[in-house]
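Common to both upcoming complexes is subunit A, partnered first by subunit B, then by subunit C.
Moving on, here comes the complex of A and B:
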């Protein structure tokens, strides 16, 4: 699957994220005074090479979906930079962004909300092609048919409405729409979380095959560990808006260094009853509110190995090579 | 690619093995029209309304008499005397006046609603989509308009502008938009958070394209129903204005002012041909319009039965 050979062409990674932050103001009272901030994403940095897949995992509320939207500039970041194909996106106006958008697309989690219920599938797939004038006239229809076939659906389906399809089929249509503009990067925002397990595998295989065929780069956001493991080259673990560990998929799953990663892996149900482990470190309690994140290491309130220092001093993401961890007392 | 084979999700095998139905080749409007006529009440409403519209359009050809010609007053209806629905206090033919009145009443209803739906849709869509101070401004303006005593303001406007048909349409149209604006704003607020709108932004669609081609079609259904009721209300408001002397001025007939002219006790008890026909016309117009609205709402929902 996808190689790294393309990275030199633009003299850098396809996507570079630097200190990305998104703080939502909390307003309350009669005059809507600013009474606090929800730090949904709080200083995330990483690089993503062309043709590779970076999986992002974390509990609900860890800011992973927000991060995906920030990268695509669907929401404006509070701080930090997003460099895509060597160009800084954060300062751009919507008008400047529009031509760039052909190269970066998104597949959403909920296939029932991601398609316009009043438009025929063929129109929804053809519209972006027409808007960006990639093709004209009958060629658009041909491309729509081709897109449907690429994602494993029949070309006849272009005249149908979204409600005539099952969840898995809709997700395929969502993928076809993301492919319509021949993008380089696709942010997959939990693309299989809303689907039946049997269909999850089909969609994952489809995404993987498409990556091989079209040389796509994925930012794959998920909370299901299985899916991420299967599709990702690298994995980033998020907790309360911060990246706590990032590294090569096999190494990170094989020997996690952050206690949170270890706990996430331990809470993943084993594939077979024979693999059943003793319950080592099941996480207690809920993720703290991002409105008042704990001081120091954000995980220290739930961490089984927390020391005094963890409550005061915030750890930085460091490590030799590609495997980095933000912990004062990493495992191993 | 491993699963290039078409059909994987189970249920598609059934739907695609059947030959593509000819319906799939039709344009969207044809199918909409077919579904509309299959909706029985809507079809009936449309036919009734079309008849009314034709009647209004061809009034001079249909009316048996000149609606303003004066003759013997209070003649009861008769098949032989020529006056099918009798005559009024000035001896004018009721049937002819009824036919001419449909021009006034229908244009007041349709005209006023067309104006206020257009204003309300624009204000609501812009307020809901852009939010912030634009939204606050637009919503305070609708609050102000909604707090006006409706009939009083219309009376003032009509008396300042002069009680002509055009001014009545304008006054009703300029005052009716707040409820539409609120409906649209609420719909836009919820639809703009949908992922298909986010996808539209990601696909690089312009804001007007997103707002008018993707969001609005998904919020128009309740407005359509609101508009049909609005036509009925406008027809009745015109009648009230006529009653207060600010409506369409006599001798021009509207269903409203025909009713008003028939409100003396002796007429109500002894001459039903003066008030039953215009009442019936108002009821028929309102019901046919409401049926059409219901039908349109069902038909425009793509999830409805086909």
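Moving on, here comes the complex of A and C:
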């Protein structure tokens, strides 16, 4: 145990993602010939320091969930690298990856489908501990009880089945399972989207408490802007497989530089009826198909400020310090 | 304001293996012409069952066991299935959270849309199709002609919700019930759909009953708000009154638990502890007592009535509303 206390890395970010790409071939017709590619993730780079939270926002189809799975090596990237605790994960064999996996876990959106309905909760929490031989015998039982208590559930619940819990409790179990192996990094993929607002707040508080107590690092993928802002130190905005803006969360949401970030913020419904949208600043249209992303800047087809150059030349992610934007004509 | 829809003292009961349960009790409100009322509450608060009872869609096990529901003075409770069918679609339409599951996957959009128009408005095949296409254009679908030939799976969630709205509005209903219409959508698409609903309301004078758990959506859309908890109305007020001067601790909880952009980052969110009790485990006294920070002895013993605090602001709480039951009372507690 105590995996989060060791110091095998000195300095350097916990997670480094460089030019990460995932292209899926599209086959069609009678002979299933390759007829194109979906560029789900198309050249994403960022750093994430230990103990911090990077929030990732973007519409469905922006590639944010695929990116989470690539980082955890649940899918092999087409190109690019993922460095975790100073070690390059891409190219490792499954055998080499196995000890690394204890340090990287995931919490899913739907706790209903990510738990086994036929197994007692205690067995599901104990299984990874046994498989990875962290503990044996009675010590496993003790750890399971401890895990349930850490996430705010009674230790007696270990003998119950998933259907006996509410949605919020099930998500707590999902978090307990992610914690079972003392990970350093947890990818949270829409962890509160399926829950009632009052329960969302409970889970967000829990995630924040756990981060403080255990020194966890989160990659928090979500589309609820308020929740992402609340939990994140930094926020990255994705659009059609690209990171279009990244920076300190207060600065990014306070004064966004990319027109897409600004559009997302303008779409967020107000916190009070006094702040209802007056001018209609609603972003038009759907996100284009990643099978045929627009040339140049991928956002130019929906951008209110698009110029001729935006349709031909692809902008690169640049900027001074930690606030970076990929736009030819940033807002400021 | 002229009342279009009246829901009076409604109780809904369901038969279960373990006896009858009442997931909705004491629901009482009226919807005016062109008005938008938002019903808010968590899962299990009874908001969806309330709308299903209005639509007459409670199924075999459920029934309105007390009170009545009427549309323009005509009582809906007790109508035959045939009579209800005429009202559904013509006078009251509904859109759902999952448009995909409300559409038939093996029929084209055009087929489903024009069939509905033919059935309810008695138009011929060709006219119904033309009408359907016009309606798709009206809800902002530019390629209406080609979308008519598409199957539901080929469309995005936002596009499908537009199709559902076109279907719902095609018979010019007096009341549109929207049950979490944007919960499954991205914020950008949510903004588009909410704007569309506002435009249609203005154009057709439709009254909207919006079911949601998102107070931000309420802030954007509602004229009046009904907060439900444990199957009953616990607070009702004008939207500005509710956000500025809410009185029920549950309403306060719902408003404060939402993280707003740029506010109070370091602080903990004010989560409401616990969860909604099941109908068969409803406590005696106030139903919110176990989750309330201000619970008093009286709350555990006596069930609070819905009291009028003045100007149509109604509250069901022993602590914050001392007004008399059903009477006007301008005084502050």
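Criterion: the second predicted complex is superposed on the first by the 319 of 332 C-alpha atoms of A that agree within 3 Å, B and C clash if a C-alpha of one lies under 4 Å from a C-alpha of the other, contacts with A are read in each partner's own complex, and residues count from 1 in each chain.
Following the convention adopted for this analysis, a residue touches a chain if its C-beta (ideal position, glycine included) is under 8 Å from a C-beta of that chain, and two chains touch if they have at least 3 such contacts.
Quick caveat: nothing in here was measured; it's all calculated off a predicted structure.
When the two structures are aligned on the shared chain, A:168 is found in touch with subunit B and with subunit C. Of the two partner chains, subunit B and subunit C are each touched by A:205.
After overlaying the two complexes on the shared chain, residue contacts for A:154 are found with subunit B alone; subunit C is out of touch. Of the two partner chains placed by the overlay, only subunit C lies in contact with A:283; subunit B stays clear of it. With both structures placed on the common chain, the touch criterion links A:264 to subunit C but leaves subunit B unconnected. Judged by the touch definition given at the top, the superposed model places A:227 against subunit C, while subunit B stays out of reach.
Of the two partner chains placed by the overlay, only subunit B lies in contact with A:118; subunit C stays clear of it. Comparing which residues of subunit A touch subunit B with which touch subunit C, the overlap comprises 166, 168, 199, 202, 205.
Residue ranges of subunit A in contact with subunit B, taken from their complex: 69, 72, 74, 94, 97-99, 101-102, 104-106, 108-110, 113-120, 124, 127-128, 131-132, 149-150, 152-154, 156-157, 159-161, 163-164, 166, 168-169, 172, 174, 177, 180-181, 199, 202, 205-206, 209-210, 212-213. Interface residues of subunit C, counted against subunit A in their complex, comprise 42-43, 156-159, 186-192, 194-195, 213-217, 219-220, 222, 239-240, 243, 253-254, 257-263, 265, 268-273, 275. The part of subunit A that touches subunit C in the complex is made up of residues 59-60, 166-168, 196-202, 204-205, 208, 223, 225-227, 229-230, 249-250, 253-254, 263-277, 280, 282-284, 286-287. Interface of subunit B with subunit A (complex): residues 1-12, 15-16, 20, 24-25, 28, 194-196, 198-199, 201-207, 209, 214, 217-218, 300, 302-303.
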